[in-house]
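Structures for review follow.
Both of the next two complexes hold chain A, though its partner changes from chain B to chain C.
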Partner chain A sequence: MSPVTRDQEAVESTGTWRTIAPGPAELDPRGYARRRTLMERGLAILVPVALISLWQLLAGAGVLESNYFPPPSDIAASWADLLASGVYQESVLASLSRIVSGYLLGTSCAVALGMVIGSVRLLRVALEPTISALYTVPKLAILPLLLLIFGLGETSKILLVALTCFFVVLINTIDAVSSVSPRYHDVGRSCGASRWSTLVHITLPAALPQTLTGMRIASGLAVIVIVGAEFVAADAGLGFLVWNSWNLGVPEHMYVGIVSISLIGVIVGLVLRGVEWLLTPWNR
Partner chain B sequence: MAALALPILALGALTACGAEEETGTPASDTTRTLKVGYISGTSLGPAFVADALGCYRDEGLTIEFEPIKNPADAIAFLATDKLDAYVGSPSAGMFNQVAKGAELKMVASLGSVNTPEGEAAPSGLFGAKSIKSVEELKGKRVALLGSVGSATSYLLGKSLEAGGLSFGDVELVTLGSSDMVPALKNGGVEAALLFAPETQKAIDQDVAHALVDSKKAYGSSTTAGIIFGTKLLKTERATGVSFLKANACAAKRFEGDWRKDAEIVKMLADFMKVPENTISGGGLYAFDSSLAINEGTLTEMQEMFVKVEGILTYTDLLPADKLVDDTLRAEAVGAA
Partner chain C sequence: MPPTQPVKIAVRKLGKVFSSGAGSVRALDEIVLDVHDGEFLCLLGPSGCGKTTLLRVMAGLERPSSGTIDMRHDDPSRSLSAVVFQDYSVFPWKTIRENVIFPLLQTGVRRARAKEIADHWLAQLDLSGFENAYPDTVSGGMKQRVAIARALAVEPETLLMDEPLAALDAQLRLLLQEKLLDLWQANQNTVVFVTHSIDEALLLGDRIAVMSARPGRIATVIDVPFDRPRHPDEIRASPDFAALRDEIWHRLRRELQPA
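And now, the complex of A and B:
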């Protein structure tokens, strides 16, 4: 087999030929892809491990103020203490229940409303400026008002999460629905599809990928906003754990809270990616 | 006169030499700049007006005040030398850091509720109209600024103790100071630890009434004061003494009903950026220009917090000398 020549520009400018021999990617594409995936996954694990090891080394050597930047081994021990005392489980459950309740409430309302607004041009024109204006209001800023209206219980915190998720998903859904190609609708009409059939078989599948992207973004925001709310108006939850631990001069517990919050964010994101993968097979 | 002046000058020169040795600053450098974190409140008034009164200048000090929103931040900054002094209150956060080996000590006290006879205490436990006594608060919602472990929680604990209750007997709700009266009004909470001017607001709006005599409940406890970190406690001790001298100088103006002193009220209002009538019509804190510390308060705070799970990271109470250094104050006030 003769070598492949590819660099036509080099040929023209220098008058010489450059030959490129097939590399591992060409010779063993499957093996190369497998090794590449392994390396990428290894790097994804190795980088945080290296950073944590560096932190441990610096804290152990006294370079970091260990009272406020405790070594990861101390944080791990504190994690075990919090688990043994039950405080950790209580905190995670309190935050998760607020996130899940608020998220489901906010996103389900937003998808339903977004489908309607996105499908009716007049509604979209009338409501879009108001929705955009409300979307930019920092939701944590209205927490005192929610507390005033709904009291100090769970309702105000769940509603705060719901409101945060609502606008992100609503805007994405409206945009997704209104962007569905009219040709698809024409095909549906020519096949005699009813309004319901058009919605279920054309609009919904076409709008789903972008709507799900909005839902994934909203899940991250839900975690952020509940932590903020728990800082100021809760006596349980991961946000409260972080804030209270700082106030009590126990930063080890604070780090446990911070790591747990980011883990919840990652897990929720992965779950939603899985849901996306399942619901939109045509989009894989 | 000249005979008297000579030894004084000689003593002054010796003192200056001593200060130079301790602080390591050149003799020609007559002013020392200190970074002081503070929580705004009239109970800490002398530390704030000492600048306008010229007390810091007289001690060769320039103060850079850093407002602090959360006492835990101040403790962290003090422990890591980002602040030289903190004008505020001790808390569980401070105790836990000291237990871990941080060098933080209370060196002086400022305002207390030990006001003269006939003068209402500037803070106290107020109950909604349906609540007649502290005992009735069992199982009820009680609002608190901050959480258990703060100095305010200690005052609430003392008030609850007056009715035979503890933190575990009530449902604590963390609220901002200005949210408490509305919460009492709409039934969100049944009681709240209020501070002036909210105390007066609750009475004026007829939504709540004092459940305990705070002066009796708090006794001689003093939580407002000055806390030093390693630098002023050890390496720059003379500067620390000068800072306390300046505070003692200002505290003299706060003896009696200082709210009638227009100059003090104006200085305090300017510093705290509030209208003058908020100060003159607000609660009266009692000040003692000796800045005497009640060591028992810190022990009592620990005793109270250790009973609540998860507040203190240790079980054997820290001895007073780990949390208080009274020698700087004694030096400052004795020499003032």
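And now, the complex of A and C:
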């Protein structure tokens, strides 16, 4: 008997055929992938541009109250003014230096301590409850205490950022270190690896991805907390710029500050993504 | 291997009890076993019979609850033992070459020399060209070959293998069994090889220690009569192989079905 072909079958039965064949993505996979990336990148840019344009339109048409929502063109103009007067650079530099020094201080202490606490069971058991309790204290709440001890200078603000980053990174590092798979430690022990060697070759790299996640979260918190501190206890910085613009009734400057803060947050996040990419080549 | 060879590993009345909140489990009970120089000994048994625990005690990763294991260390310049673990033991953060270099550095080998040794063993396991790849970018079979290369590179006096092929698919497993036979033929280490596959034990082992479960005991020790060097296809086709496999299977079956 000859095999039944589709045409014969179509004549003999009333059922329909469902054909499964290559689609556009399969026929031109490279072109399809290129078009899709292009569209996705385009959308990522297009959406904020559209939102800002809409804002501009509504503000220009008088729909939005310009005292609260000045048109983006006005904000851009005052941005240029602030740049020309040097106030902007001063503000960014002030905030950025507090964020960077506080972040580096808090994070490096936290990673070093976290590695030790995570690998020594007795220390972990002894300290974990205390660390969890301290972690939940909103760090902004201790700003007055820091101001009392260290005065209005840079130290109190840098320490605030450092403390904020410290606990987030510490908790993540301890968790990362203590959850390293025992299989890897078995390998180390069966090779007769020393404590130092185990730390460098096994614990540190195994815990690195989660530690870096903690560091990325901490960078965002550093930006948030420094703005809060600058509201009340600074005479320079982006937080001060926003707060002072409210006092002076210049909403345009307020927006310049707000947008700049969020830009710093985005850039710091990107930098840390880059650091992650460099430090964990096996996860690329 | 004739039993006239001197004893390399002497297991004496070894017991291991795991205690937890709910109670305790006797993983090993009064184990007595000799492993001889240059012998390939397979520990065969159903899962949960304690064969991995016995291997871990030999490797120094676990302390016995009672009894002792004595291992003769002939050459202090060589490692006494190296372990090939079941799976997921290759460091994902190190390249394949660095994985093999790691234990060498622990024994005091200089980096340049360690690199040469690593490349030699990677070539032996057909991994040349993948030295700089990260383990997660290669197949499971290749990862397990890295684990084997890592253990062989330190040229241990005894090689302890914990179901090194269990996670591989059947075809890959056959290929790696052949590879292990070749490597053993060339190096003649003392090997303790944990497996739950009767075929694998018969193909690789000089003797098979069949274990029973709960508590883990040595039920019987079987001599494998096949001549070396072995050819896997011939052995699998021989009537002796079928007969021995049946014998061991009936023995194991009784262990698995309590009357």
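Note that the second predicted complex is superposed on the first by the 267 of 284 C-alpha atoms of A that agree within 3 Å, B and C clash if a C-alpha of one lies under 4 Å from a C-alpha of the other, contacts with A are read in each partner's own complex, and residues count from 1 in each chain.
To be clear about the criterion, a residue touches a chain if its C-beta (ideal position, glycine included) is under 8 Å from a C-beta of that chain, and two chains touch if they have at least 3 such contacts.
All of these numbers come straight from a predicted model, not from anything done at the bench.
Look at A:N67: by the touch rule set out above, it reaches chain B but stays clear of chain C. Shared-chain residue A:V250: touches chain B; no touch with chain C.
When the two structures are aligned on the shared chain, A:A206 is found in touch with chain C, with no touch to chain B.
Judged by the touch definition given at the top, the superposed model places A:S85 against chain B, while chain C stays out of reach.
On chain A, the surface touched by chain B in one complex and the surface touched by chain C in the other have no residue in common. By the touch criterion stated above, chain A contacts chain C in their complex at residues 181, 183-184, 186-187, 189-194, 197, 201-202, 205-206, 208, 280-282.
Here chain A touches chain B in the complex through residues 65, 67-68, 85, 87, 144, 147-148, 151-152, 232-233, 235, 244, 246-250, going by the rule given at the top. Considering their complex, residues 70-72, 75-76, 79-80, 91-97, 100-102, 141, 146-147, 149-150, 172-175, 179, 182-183, 186, 188-189, 309-311, 313 of chain B touch chain A.
Contact residues on chain C toward chain A in their complex (touch as defined above): 59-61, 79, 81-83, 85, 88-89, 91-94, 102-103, 105-107, 134-136, 154.
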